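Labels run A, B, C and D following the written order; every chain starts at residue 1.
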Amino acid sequence: MLETLKHELWKLHLELPKNGLVTWTSGNVSARDPETNLVVIKPSGVMFEDLQPADHVVLDLDGNVIEGELKPSSDTASHLYIYRHRPDVNGIVHTHSPFATAFAANGKSIPVYLTAMADEFGGPIPCAGFALIGGEEIGQQVVEHIGTSPAVLLQNHGVFTIGKSAKAAVKAAVMTEDVARTTWYALQIGQPQEIASDDVAKLHYRYTNVYGQ
Amino acid sequence: MLETLKHELWKLHLELPKNGLVTWTSGNVSARDPETNLVVIKPSGVMFEDLQPADHVVLDLDGNVIEGELKPSSDTASHLYIYRHRPDVNGIVHTHSPFATAFAANGKSIPVYLTAMADEFGGPIPCAGFALIGGEEIGQQVVEHIGTSPAVLLQNHGVFTIGKSAKAAVKAAVMTEDVARTTWYALQIGQPQEIASDDVAKLHYRYTNVYGQ
Amino acid sequence: MLETLKHELWKLHLELPKNGLVTWTSGNVSARDPETNLVVIKPSGVMFEDLQPADHVVLDLDGNVIEGELKPSSDTASHLYIYRHRPDVNGIVHTHSPFATAFAANGKSIPVYLTAMADEFGGPIPCAGFALIGGEEIGQQVVEHIGTSPAVLLQNHGVFTIGKSAKAAVKAAVMTEDVARTTWYALQIGQPQEIASDDVAKLHYRYTNVYGQ
Amino acid sequence: MLETLKHELWKLHLELPKNGLVTWTSGNVSARDPETNLVVIKPSGVMFEDLQPADHVVLDLDGNVIEGELKPSSDTASHLYIYRHRPDVNGIVHTHSPFATAFAANGKSIPVYLTAMADEFGGPIPCAGFALIGGEEIGQQVVEHIGTSPAVLLQNHGVFTIGKSAKAAVKAAVMTEDVARTTWYALQIGQPQEIASDDVAKLHYRYTNVYGQ
């Protein structure tokens, strides 16, 4: 069931360690199938290199396991909360990527110092409040604070990204760490100027409407 | 003798350079066989890529070499001291992983700024005092300071981690460097707030009792 | 058409992720064929690992697409502006490499603290002003500020490098990040002294006239 | 001629990029054959991945090329100066490794904050003065400042390491960057205490006399 989506998710999960966004078993990707509203997610506590397409767990939006022999990610309730409140979202990624999480540890959002950030995010990456793991509190923080951004930081925790597909959410996760890293480097050697908000808007419009094939 | 354990140790030793925890020949993993109380450990001064399963040295808890043609790790006496004083421990890892060792160089413990740290460690990673290499003084420092944590820093030196298996100790070593790195990054851009101790306890309880398969 | 140049560009594009200069689809290389004045450039928004030699787009210096089914890089107008104003240039590279872009985010040039920088660049790497993406404004900034250097920073954006061949421009891009990184590290532990300008000139002369085969 | 030594040098040269000590063509290794006093060295400006055993250049201690069709490294005169003044040395490595070079850019030696540094170096890594490239001035700086250490920094430039074999010098180069990196990290989060000099001596004695096989 949903074999294509499981295979896509399996490949996308491998992008997380490849891009240095996760360590050991931390982090996860989920995808919603737009036709059935079923969600496919990583099983809990499995190493990325051991993960197989068939290991993924399929749930409905209320958290009932529809298929899968493994226990789903401990972030499942939060993923489902986001899908229920954001019908535009079909992919979610969670990471502890180090530079972005350094901002999160300080409860700081990431300002727009870089054109690459204006391109992908269209504004600052906001920082949500602290929430315990296991329930849907993290999902509530994400929905409340992410706004129109594809990414949000979670205080003392890490990063959630969303997208209209799982691949788009993975791209946002990769770009979050990329801009967090360069921003962090920039802050050590001076006080960068933020890009003017109308320029941010122009860059974001071009990137999302003209850039690419 | 203990071929399965040697093979497991050989594979776990390769995780150390793969995760950036060691350089050249530094660092080592040992395992205790719970049935015989015999300990298998890395030979001294051997490159990780040259190490073979049969190269590992088998000793009893008093330091008598039971099998092996190579000289055991110069940290052997300290590993054995830990095994004698911590019957719950069947795996030990030593590394000079760079971010954690930066805290050790300053004699500083690592506070709990990250949920990932609450999850794995259940509290700060303490820093033990300075000890010379070769005897069991390092083992004494580890036993005296590690408490209920799976990891401890050694002043001006590096990291020791313990676990109920060698794999658990390797996981703790990987996670130590991961949280040390993000904590270090966080400290360069602000002064993070520690997670409240009751939240640390809840996170650690969930991670050790609910998380995973 | 220009199959050799496309193949060379395909291989050079792979040097960008290999050297940590780009993330996801960002960054591009172009080359001018000295005989025909035609320019070959990366298509817009294509992952480096998916790129094939035949995907590259061929344009004349006025921006007319001569061959290629994909849309050219959104930096094409700026590349062409540079080729029109710098007949000595046959290769251009654009990256968001993290350490160099940290200087760019602060609007700071990179001073000559390192003999490696004197060798390759013969002086500081200047920082040009801010420009929006898509038109030739970036090319104007590059031409106005790069002077005799093979590299220039773009405020809040990234790096452009030029060379008498695409390979020379790629080398300059790799060396820009290398010297930016070490300079950044040096600035965190002190205030380095700049190398005297006559020594910079001697080092650069030797490197460009004696060094190599 | 000296085919074994050329093959060893070819393999050792590949350790430099593998350990992140060099970029593009920078850096080199040489070895002296103790029987003939001939020196084998990297050719100038050749990429490490393109280098073949037969590409190495053989010279006598006066700089006469005995064998080899390529131009020798531009650091050759300095290598030969070191060999002439240090009969105990049969291997030399030069790198621009980033963390160690950050200390060099500031004209700072690296103090002994780490047992790994006491082990390998037996004291601080000193920093020599500035010298131009191409002649034997760098060799003079090395000989004057390196003392009993296997490594020395060159102001505004990089690192030279020496050893009784080329492999020992490569190991010293790898360990130099390793301790430079952790020391640099340590300095960003506090002011580490130096290890007492008698403890440094004990650690170094044990490491050079007891450690290893």
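Just so we're on the same page, a contact is a pair of C-beta atoms (placed from the backbone, for glycine too) under 8 Å apart; a residue touches a chain by one contact, two chains touch by 3 or more.
Going by UniProt, the chains are A, B, C, D = L-ribulose-5-phosphate 4-epimerase.
A quick note: this is a predicted structure, and the numbers were derived from the prediction, not measured.
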Mapping chain C onto chain D via their CA atoms needs a rotation, nearest 5 degrees, of 90
Please decide if copies chain A and chain B contact each other with the same set of residue positions, more than half shared, or with different positions, and reply same or different.
different
Of all chains present, which has the mean Cα position farthest from that of chain C?
B
What whole-Å value do you get for the distance between chain B and chain D if each is reduced to the mean of its CA atoms?
31
I'd like to verify one number: the distance from the centre of chain A to the centre of chain D, where each centre is the average of its C-alpha atoms, in whole angstrom.
44
Show the residues in chain D shared as contacts by 2 or more other chains, in ascending order.
188
Which of the chains touch, listed as pairs?
A-B, A-C, B-D, C-D
Within their complex, state which residues of chain C touch chain A.
23-26, 43-46, 70-71, 74, 96, 98-99, 101-103, 105-108, 130, 132-134, 156-158, 184, 187-188
Residues of chain A defined as touching chain C within the complex
113-116, 119, 171, 174-175, 178, 181-183, 185-186, 188-193, 195, 199, 202-203, 206-207, 210-213
